[in-house]
């Protein structure tokens, strides 16, 4: 089913929902995150291995009550200041943390996709994480007796991905770095995919993953939907923007002013991109 | 030797540790520079894995993020992230893992989670990422970290990944499969674990660094190994290759990006 | 490392070893199985989801002491008569069975690839399999208490695959139906891959999997190495041969005569194929 | 109606059960014919999955094996086998699973493993394959099986996959996620479970079959449902489409294969 982004968020993302916007550095669904901010969703349980700028923005705008994550920084730059402000100072509201390692969270997504109640890994040994997260437990191998780490499955109410292409039947193909996109998609109760383009036939590609149309609730055409992240083969990551964000997000006032002008002040992702282009010119 | 910065020297010293065709699990920053420098100089057969799932990458410029498209474009293959962590790292297929951190203690345990109490942190750091399982499963771990009394500490605020735990074989007895931190490359030289106590000792100094400098930068009473080596200064070839790589990288990242409108 | 097939089997497959020749209907490594028969390996623990004709041949020729499997038939035709003769009449020797469902064996290969000691699934409920296989046990979820099925990891001493292509560095690409090839490859202590061709660059393909060169012990150029199974894009499955096999393998004498003439009597896979071609002409 | 064989009638009766856009986990033989017939007639949006990992296949001819290349070539996507079983079947994403067997009992439990004792079988059958978990997880299971007193038995030699176990809700209480066998399509008509006892009853007969014929072919005292339906004879359209599919299939499989020498 093809919807506009506003329709898809309106219809499928409700206050209080658990929401995973996945994509590992690549194909981060920025447009969808901005639309969630515009529609002023509240009390979301945000799930994402690497929160990145889009969760910094959603947290700073007060959308989130809880964060499940494994690495919360600005990749290659430093801190996510809004995430820090929420954790260190409860601004704009307290944020509950469900903190994992990448390996643990990957196991949790895989368990979710398989509809198993828990995932197993050899992990977390010798770390303080289990002492602070009751979601990290142990399970004994019924053959060897070895104790392994266990994490509960992640099954988001809604997973949102950005992809390069869908075909007219609604099958979606992603290539390049895929992260945990497939597992997050298959673990979800509802799956929304924004795409760069809709094509007659999906082209062959190395290392591609394909998601069949009937597991997808909505396909949303959204050119540039991953910017300032990137879409392999379509446009590059705007590393400069990631660096600029450090200054924008450092103070509450500059953050709010920027969000007000660029996100709330833009009616959609096209207007957001046009605004940045005007500013650059 | 040309004059060089301590970051350059650290990078070159780390690159020299990578001999043959090791499979390296690489992090962004100094480790990425060191691994690619090794690939471009004495170790063309080195296999670089980034946690984004790119295997056997040969980037022409250094990535800014762990998931830059350059890494995928030059990879032998790209696999989903769960597969990298379970079928490669956990499966014991990684020879060398690189880690950084905000804090390290005398047994090579690392903190990248919080400064202060977990529930009311003074500084919230990015967190674990791939580190706990890299620390657990890689056959050897190399740590790259600039030294100061705030980073080389008597006691971690939070243990994010395991080094030798309390030393004296506690790591091995815990069932960890990998070998633990074999070297800490820092801006005065290198530390390595003592065979029995597994306490990090000063084992090598850059030619222009001193034991006093090292001791001043470390927050525990730093022991000096029986045999203290001097790390040879970068050769012109090493330094030229590294600097050319850094120039290419800066140029590539300075190119303005087209807004996809 | 590029080896001849005879060298690879000689060097890596020893008597008593556990050996998985994988490939689900597609890309079954017939040439490698025949070479194991020619080199008269004994007491092998054979592992394969769908034993197919190649294991029927290896079992009938006395190579195997044990079989781990989940479906032992001639696909689309009927029984594997040599497998039946071994189980029903211990001919040519007794064959120990470690019998699973596809889902259970897939979980065991995945656990093997991840070097976890066991795999978890919701499976085997209400079946008699656990009563006859001590390798099917249960494990309780540490979060919900639910009991799930558990199987021990499969880690073959040697996995052998057939693939369409390797590049000159030894990276291997498979496309089309892949079955559990990737998991069997990554679970193995030693991995041998026979390939249709060695190319300068692996072409992009839908749904392809790529195995990096450094997990592979030997790449063996072997055109037609999957025949009478098939290599997608290279040659078709010889369904008629699968049907003819039913008559050949039904009686011990006709089976032995056929193996003697076609496999033992051929010095390598090229000679085997040439023999069949002469017979067809 | 044209004259037709009982196999054709079974296939057409099964195809009619597939309405709308169900996701079907398909086995080789009659189920594959029934599912593709439904796709070619009244259910073009049906999604066919074969356990070889082919999703959304639209084969022009019927496959001989579960992994024919035709299935991959016409698929929306092909995934590894572990993924089909864990992320699709176990995840509850399959609406209808088709199963055959050597034996079925009155509660729809199936045997495809052995005739005789497991450790000393009279006949060793191929075994479980995908059946145990299809039986467990598909929202509905349809069984297709020609009837005789050797196949429709009072007591299975081995229970390979679960139907309603001992009936009377034992399946649901066992925690099975799927709905169990909703229909058994056989060569005299159809059986379906009684609402309470979950015993398979005769619910529909082909127009030319009789209750006596059905009872003679079933090894337990077969109950007849309160409302016994008659299954309409195949229409010319159904029969022509099925026969054209079978002709295409025979032609394709008769084409000689080039030996790859």
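Which chain is which? They are A, B, C and D, in the order written, and residues in each are numbered from 1.
Here is the rule we use: contacts are C-beta pairs under 8 Å (C-beta built on N, C-alpha and C of every residue); 3 or more make two chains touch, one makes a residue touch a chain.
As the structure is a computational prediction, the values presented were derived from the model and not from experiment.
The chain pair with the larger count of C-beta pairs in contact, out of A-D and C-D, is C-D.
Work out the mean CA point of chain B and of chain D, and you get 57 Å between them.
For this pair, chain B with chain C, the centres built from the Cα atoms lie 41 Å apart.
Centroids built from CA atoms put chain D at 27 Å from chain C.
Chain contacts: chain D has residues 77, 86, 90 touching two or more partner chains.
Counting partner chains per residue, chain C shows two or more touched chains at residues 115-116, 121-122, 146, 183, 206-207, 210.
Chains touching one another form the pairs A-B, A-C, A-D, B-C, C-D. Per the touch definition, chain C reaches chain D in the complex via residues 24-26, 49-50, 69-73, 75-76, 79-80, 83-84, 87-88, 99-104, 106-107, 109-110, 121-129, 132, 146, 176-183, 206-207, 209, 223-224, 227-228, 230-232, 234-242, 270, 273-274, 276-277, 280. Taken in their complex, chain D has these residues touching chain A: 21, 23, 47, 55-56, 76-77, 86-87, 90-93. Considering their complex, residues 113-116, 169, 171, 183, 186, 210-215 of chain C touch chain B. In the complex of the two chains, the chain C residues touching chain A come out as 115-118, 120-122, 135, 137-144, 146, 148, 150, 152, 202, 204-208, 210. Considering their complex, residues 28-29, 51-54, 63-69, 71-73, 77-82, 85-86, 89-90, 109, 113, 118-119, 121-133, 135-137, 158-162, 165, 171, 174-177, 253, 256-261 of chain B touch chain A.
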